[in-house]
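The same subunit A turns up in both complexes below, where it pairs with subunit B and then with subunit C.
Coming up: the complex of A and B.
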């Protein structure tokens, strides 16, 4: 049988068009980070203009100096490491727990009956309000901090998993049944892979949420960690320390999000979106 | 033709119960017998329940009233003896063309090498050689439906249930696929039930065309449409044109009824 509607690749080179020049690439690279560069220049310029005292707005260069000295003393590694550790452990628990609850709700009427009202009430509510309760029950150390992260980050995972599983096409499930898949195979080989893109979207919401709650919990509970270090700096009127914390949190957050979106592209290599341009 | 039909549908009715709103009688008093190796088309306006009937035969929906037997056994659940092909392909998008086709073979007790060989055979049969490692999102509509067809043929069902399989394709691709389906059917001993609302497609492909009425779906009449399908000029032959005309007149009334009733 002839391959009648196959794409021919004879003119592939023609279709690709001319390669973009180096200057174009550099310009484009610059355009992508322009707003960040403008912010940095404005910060440094304002701080040096004398309009503000170094206490109100320390210059970026002095803040970077401060980060460097923290890095050398080992303080930076401890604080960043602790915050990332709490955020990631909270995120991973939310991921496993959220997917399990979402799957249970989609499979089982009793689980759905039990969790549905909790998700409806809990999702839109500011869970950080539970912080005093968590402190009363669990204290102020890692267990308490990770608990409040999970309480916050698990909701988008549950919701995304539930919606994802409910929207798996009936035809996909029927096809698998047609080919003899049993219930367990259907779940693991068909439903979960089909739901993966939406579940990952839920995880991409949960990850920055974990990071945010980790920092806020550290600020309110004290101790080591980026949030705690910033509060300490603030109490000692150490404004360079406060701004150093902001820069560090911005960088850590960006790295986490970027890693997640790379992971998504890897996992969803089969998905339509893998062929489309990215915005991140 | 053998005396006992391979598929026997006896006074089947089906009620569709939407999550909200009133139940709808989708099928009423459907009786139809299909012989082994026969190619039967179900023709009717959209919403007449022809796909529902196909899903009942496939065992995807429960038979609540009447009975459907396949080789004398009542239909209870989906089975690999009845392979289905959907209008929108229903390929597993995270699997390559080859892995899609292998999925149905994984549950058969045969050595891995033989499975791979089998899959390759069907990839070649539908003309997808060179695209084994492509994902469905990288394929055209025609190629997706070839993959779906190969996947279903690969697990070797004796009955093919086809739910408007070429309805989502452009006119030219549809034409090619019709000819290819016929040539595959002529080479493999399979019974085919083919749902369509395209009169010409039904006359061209099928031995018999069951014309269905607008909702509630009933079989209005069954028309014999045997032609020499290998004849290249079939579309222009007098007999063919007359058959299309006859069937179109039968369907038109129902299509008008369906159109008026549509919300």
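Coming up: the complex of A and C.
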């Protein structure tokens, strides 16, 4: 799996040459936010120009107003809370389950025999197609929503754990064995820490996937939650509600993914990658 | 041959467990129809042409969206690596749109382009473009300085260098990003068709489920899953082929 999050922004390189003056620094700082400002201005301008109906493109200010009124009525907190709760519970179950299955597969021949074809066939499948089956079995409440999240998010974790454990350097294991480490110590003190960077990469794939699936599940199954609220809005042709939903979901996604990459840097502070130039 | 049978035995066992659970009526037959009956209704769906028509519609949407995403995403990513001003302009946008759970765009694409092909293609294009852009950017940026310098010293102009040095060395990373995009395109295709569509495999699943013809619904679910699997395997073979020159140089 490619590390899709590693978008290294090369701003330091832009400042090469003689020591940058304050003016230059400000200029580049402005350049960084320029396109976001341009996007905001373009959205508001296009919406107000009358080129599009408010149904097709409601103005940003009216969308913000809508988010504000949702926030005051308390609906925003309920919907956001539920979506984050479902996505995170699904993600945590996938994390624990995925690492356990991956470890079991790397240590036990029978577990490997059983899970290997399931993982290699199941990983590339679009598991979201099983959503109606999950509804049929488990209904439309939290259990069903969390189940489909786990079904989708567990595969990248298993695959990453497997690859990570298999690529732990032999020398590390041999030295530990030589110094008298037993199986348990070997696992906890050598193999898992050495595998951590790749496992975390798998988790960084699983987390956005959990959010994507959480939103789809809520859209299809209804009820509270950001996805459900967007679907209700779209059914009533309330496009301000739909755009407000996108902004809200985007912010939630941004916060979760940022938190994950901060956590990665914290956890891997001992690892050489912590000394590499920071990513974003 | 024997080892392949042994390797895939767990899948056969699961299929047998499925059949047995359904036949012994451990769960209600509407929740889990026997595998054999699912296969029978699959053949029916093929015979009526329902499956082929909807598969065609779905594959057209996924293919068109993905193709647009690959072409434009690659151009943007390489542009970002090649020319600093593009990087400065685009990287903040990539950074804020990358974490957006792309399924949130489903209702908006419907508002913009309606229930048909257009909204699905737009959704898949928007969802898949960012992974392609990021991988093209990372790949092109990591092209070895020595290669770039030698090409320049041998008198290659900038365009030629882009084509002969930067693009090939970006290829491995780029192809990996496209693989991510391929998986994402199936997820977005099926979800958007499940939620709003009038044709396509996702629509067919929802339609059959709502009608209570669960055998047929299972048949379509299995078809979609196998298509996704086959697409990934096929792509992997293609990717190995395209990267064969790397092995030769080693």
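Here is the rule we use: the second predicted complex is superposed on the first by the 245 of 280 C-alpha atoms of A that agree within 3 Å, B and C clash if a C-alpha of one lies under 4 Å from a C-alpha of the other, contacts with A are read in each partner's own complex, and residues count from 1 in each chain.
Rule of thumb we're sticking to: contacts are C-beta pairs under 8 Å (C-beta built on N, C-alpha and C of every residue); 3 or more make two chains touch, one makes a residue touch a chain.
Not measured: the values here are computed from a predicted model.
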Which partner reaches more residues of subunit A (counting touched residues only), subunit B or subunit C: C
Doubly contacted residues of subunit A, that is, touched by subunit B and again by subunit C: 1-2, 4-7
Subunit B-touching residues of subunit A, taken from the complex the two chains share: 1-7, 169, 171-172, 174-181, 189-190, 193-194, 196, 269-272, 274-275
Subunit A contact footprint on subunit B (complex, rising order): 55, 58, 60, 77-80, 82-84, 86, 88, 90, 92-96, 103-104, 107, 124-131, 135-138, 140, 142-143, 151-152, 155, 173, 176, 180, 183
Sites on subunit C touched by subunit A in the complex: 6-11, 14, 30-31, 84, 87-108, 110-112, 131, 134-135, 137-138, 141, 173, 176-177, 179-180, 183, 186-187, 189-191, 194-195, 201-202, 205-206, 209, 214, 217-218, 220-221, 224-226, 228-229, 231-233
Residues on subunit A engaged by subunit C in the complex (per definition of touch): 1-2, 4-11, 14, 28, 31-36, 39, 55-56, 113-118, 121, 124-133, 135-137, 152, 208, 211-216, 219-220, 226-227, 230-231, 233-234, 239, 242-243, 245-246, 249-250, 253-254, 256-258, 280
